[in-house]
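Chain naming follows the written order as A, B, C and D, and within any one chain the residues start at number 1.
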Amino acid sequence: MKQLGIALLGMGRIGRLHGENLAFNVPQARLVIAADAYLNDAMKEWADSVGVNCTNDVIAAINHPDVDAVFICTSTAAHAELIKAAAAAGKHIFCEKPIHTDLDQIKEAIADAENAGVKLQVGFVRRFDHNHKAVHDTVASGVLGKPHVVKVCSRDPDHQSMDYIKTSGGIFLDMTIHDFDMVRYLSCGEVTEVCAYGAVCSDAPYGDYDDIDTAIIMLKFDNGALGVIDNSRASHYGYDQRTEVQCDKGCVRVDNDLENTAQIASAEGVSVAKPTWFFLERYNNAFIAEARAFCDSVLKDTPVLVNGKDGLMPVAIAMAAAKSYRENRSVLLSEILG
Amino acid sequence: MKQLGIALLGMGRIGRLHGENLAFNVPQARLVIAADAYLNDAMKEWADSVGVNCTNDVIAAINHPDVDAVFICTSTAAHAELIKAAAAAGKHIFCEKPIHTDLDQIKEAIADAENAGVKLQVGFVRRFDHNHKAVHDTVASGVLGKPHVVKVCSRDPDHQSMDYIKTSGGIFLDMTIHDFDMVRYLSCGEVTEVCAYGAVCSDAPYGDYDDIDTAIIMLKFDNGALGVIDNSRASHYGYDQRTEVQCDKGCVRVDNDLENTAQIASAEGVSVAKPTWFFLERYNNAFIAEARAFCDSVLKDTPVLVNGKDGLMPVAIAMAAAKSYRENRSVLLSEILG
Amino acid sequence: MKQLGIALLGMGRIGRLHGENLAFNVPQARLVIAADAYLNDAMKEWADSVGVNCTNDVIAAINHPDVDAVFICTSTAAHAELIKAAAAAGKHIFCEKPIHTDLDQIKEAIADAENAGVKLQVGFVRRFDHNHKAVHDTVASGVLGKPHVVKVCSRDPDHQSMDYIKTSGGIFLDMTIHDFDMVRYLSCGEVTEVCAYGAVCSDAPYGDYDDIDTAIIMLKFDNGALGVIDNSRASHYGYDQRTEVQCDKGCVRVDNDLENTAQIASAEGVSVAKPTWFFLERYNNAFIAEARAFCDSVLKDTPVLVNGKDGLMPVAIAMAAAKSYRENRSVLLSEILG
Amino acid sequence: MKQLGIALLGMGRIGRLHGENLAFNVPQARLVIAADAYLNDAMKEWADSVGVNCTNDVIAAINHPDVDAVFICTSTAAHAELIKAAAAAGKHIFCEKPIHTDLDQIKEAIADAENAGVKLQVGFVRRFDHNHKAVHDTVASGVLGKPHVVKVCSRDPDHQSMDYIKTSGGIFLDMTIHDFDMVRYLSCGEVTEVCAYGAVCSDAPYGDYDDIDTAIIMLKFDNGALGVIDNSRASHYGYDQRTEVQCDKGCVRVDNDLENTAQIASAEGVSVAKPTWFFLERYNNAFIAEARAFCDSVLKDTPVLVNGKDGLMPVAIAMAAAKSYRENRSVLLSEILG
């Protein structure tokens, strides 16, 4: 097999993003079919533009004989169930994060994929970003010795709609979850304890939905390192995505990608470009690298770079952080994972 | 017409680059056919991989009924002649630079396209780079007043093969030509006079081919600005591509794109990433933007962003620079253009 | 009075630093006498080199008729007592930090200075640094709206001697105290609660002295902002001193001062200069600005820029942080301040 | 002798700058007397503030028995004559640039100092700047191989008064002279040929005084390198002082020192600090290092770091550049030096 036949499940924003990458930028992939239970005209038009057939029968798409693997891009609620269905059909699985918001559901889905002998990769796309990867690779190389402090600053450019906030599961699960993945990736260790402070700092009505817009989370790792994440839902200047690891012998850190490298100097001052606006701009190439890596793992039968456990742990850490914030105390991961 | 039907003429390195962009990253384009007079198995395999038919009959490709426009990516010697053939067939034309190394040939080709009423865009891709465009747009906006000094630093990462150098036409025509385009673009003016210093600074045998590896060229512009370009054929650290315009009220300048934003600090020192290696990495997005802009110009019948004159002038300036270097004196453009 | 007559109390490292600045770089000051209870030959030689008389009678120096103000640079244990003595003599007071490690002693010393009507400025020198001041001034100007998140990264270049650690009072009191001052300065608010994680990450025997080398401290402020500090006793690459405040409408942050702006690029990579090594290099100009500001406050009878309360609060926050670390829980400042 | 006794000759702006450094920041120096033929009350007041006697008898100051060396800071016209007088008195000499605008006068002054066996250091202060020194040291170390291209960008923040321009000797002699010194310092070579373009780009009436405000100068060096300088009399954003040397194996370059490292990001954009305003801010520490180096050279009898030839050559290059600009042709240094 030279190319992997793929069924795209879910044609919302993130589904179309993956679909276009698979169609045009992943030579190892062939987009066989796109499915969405709520198929509408816009989706049909989109499918046409990328030259793929579409259907509202998601199960049929999974079982399509030319399909070797599925990309699960539906709403979160359906992820675990589709993993199980794909596993049952013997199809390899790329699943957007999070797998589920219930740990037992996640464990079951992972077990099903393992038992079926199919690959399962979870969509923590930042691991494929050139910047964060440079931090990870430096730490993992050991050139700086073992990690002491892991830092992630992660700010969205602007508030999401309150409709989204209403059902998002809260900042730790909808936003910080990516950062919880990052600290595991960058520390090369496991989180054992977390402690969170949170606040509504803006004028937006997060309080009405029992949510916050600003958070700081301290973490302890099993390798002795400490960590800290700071989050904001609205920077107003772009997608702020900086990571850093201080180690025994030194420190590696990355700053944001900017729109360009221009400096404009005059009597009024000196201006430089803003960070790229949001994840579509910043992680554009990372999404392509992520899809390529998944296809390579299947085609060459190598371990996926973001596995089931990598899908499970950030959810558990998010639960611990939420508990810490609610109870204003440090929370052990063992309280969550049992 | 929603999509432009395109014949790719020439399937060498630059042809395949354009072909892949047209196939996958330019929604406004449909790659109809790819032609190369020296069609070989590798080209056939490549054409297959992008899903386009191929032929060794370049004229037939031009005249293909589904073809609205051609991308001329052959060796330089054939450019002008293919422009004429495409113009005769009423097809719009994107042509890689330079159009020709003979000014009269260039003028004829431009005239043919004009007379046929077809668009002609020349492949000076750097105009579509996010960095240089930011410089141009700042100057063109007038916010800093009129330009005083235009600076371009342009260094290739490493020596080309001496086989290439043998027939390249010399540094001013094969390398600085892009920078001559840049200074016109960034100054929003026309070059009137140039003066060049050159040298062989490396150990490579450029002298055997009457060529040099290092050059500095001063320029005067019709808007009163001065300019300077410095070139090297081998930086060894990557593709160095910096531009700057000092104006009445201030200065705008851009630095290189780096591989990532990582800083690694230790007792040994602090290291950062290198510039992207060469034009494929640095101008990857610019090539896509260039092709999209051409298609848009045709589809919406708007002026192309790099026209025939923009194809002619850098060749004339290169000739003046070569003359200046040979005769060690300042040379007026009028000596070349008559 | 055009110049302030000053008695330097204490001729250790920090005393000599202030003494040289007062002698050569603070036009508003005249160094009248230098005193140290443990006067030795090196101190005498130093006093000679700056052209000032010296004595081992500290009280006599305070009471010298030409002395308008004292610079208290002795060991911490003597600070409060010398403040009281200077206040009793009606002399203005600059006192190195911390005033004392006992809150009641600090309050008494402050009260004595207030009752005597003399100025009391505490030596939190970072407030006079060009970088941190730019952050503060931006926040204080209100141009970015109110602060949401205050961040301080503060790392010493290398381990102190274990002799120092033995009696230093622990990381929160000997090192983070500067950062506790910084977050108050940068947030334009008061700390109300802290929560600290700490660890010994290096191989150094901090554990033998009940101390740590790595700490992260979260903070809450009375203006609704959150904060975080991360500390390390040994970066190995220099003095890492970065601060940042995210506000309603944007973010202001500063990076380190580097030894120079050189970039060296080659096939091996790109290197840049290291941060300046330690506080003597980084805060050199800040020490001068600090002394000038104190003299100006006295000469013009304006409020000092770092007052008694500014001396008290960081000690209280350090106590809260130490308690938080020991008890692994979030601690209210009111638990410390009563 | 532990300290060098110094007579300051000339108490204008640059004289007072050196005088304050000698009084307060050069431990190896003792300011014995300050002299100015046009002594006025402001000068007397200044001398008082630094604690030095003053006189209008310059020759008496040179011959003062406690004076070991002189700092010549008068108007340019008197430099050579005072060098001769100091040499005759056997006093070591620091002389501000340029020594004279007549090459024979310069040669005579240098010869007098040599014959008298006294040190002569010329005030090209930029050699003591941390940034340019880092470039020089990298080139001189040989780690990057031999130099190919030397670049200097040098822009003053704003126009000088036309009163100054009237008698300044023109841009090449009053401004570029520093850059001609820089290219010699950075290239570790000698200039053999120059070619200059110049223009009046601003609205200021430089034409009335046969002068220009914008210049580009190409250079050839005896070690095979090429060079280029670009100048502007008015950047409006500060003192732009960037240097760069591309070598066999890579490139070293320095950017400006900024007022601080703050970045302020908001929806409106991202602003950073401006370069330091002018030479007083930028080269403040370099002036101190320059004076210390001179004193060390005398006290330890080591060669000065900027000698008589270093004083002569930039004047000769400036003459060649002026000739090149006037005659619009490349000019050999041998045409000037004979």
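The rule is simple: a contact is a pair of C-beta atoms (placed from the backbone, for glycine too) under 8 Å apart; a residue touches a chain by one contact, two chains touch by 3 or more.
This is a predicted model, so every value here is computed, not measured.
> For chain A and chain D, which third chains touch each of them?
Joint contacts, listed by label: B, C.
> Identify the chains adjacent to both chain A and chain B in the sense defined at the top.
Of all the chains present, those in contact with both chain A and chain B are C, D.
> Would you kindly say which chain has the C-alpha centre located farthest from the C-alpha centre of chain C?
Between chain C and every other chain, the largest centroid distance is to B.
> Which whole number of Å gives the spacing of the CA centres of chain A and chain C?
Result: the chain centres lie 42 Å from each other.
> Please work out the Cα centroid separation of chain B and chain C, and write it as a whole number of Å.
For chain B versus chain C, the centre distance works out to 57 Å.
> Touching at least two other chains at once: which residues of chain D meet that condition?
Touching at least two other chains: 235-237, 249-251, 263, 265-267, 273.
> Can you list the residues on chain A that touch chain B in the complex?
23-25, 27, 49, 130-131, 133-135, 138, 144, 249-257, 259-267, 273
> Per the contact definition, I'd like the list of chain B residues that touch chain C in the complex.
235-238, 263, 265-267, 269-275
> Taking the touch rule as given, give the residues of chain B at its contact with chain D in the complex, in rising order.
146, 148-149, 151, 153, 155, 195, 197-199, 201-202, 214-216, 218, 220, 224-228, 230, 232, 235-237, 240, 246, 248-251, 328-330
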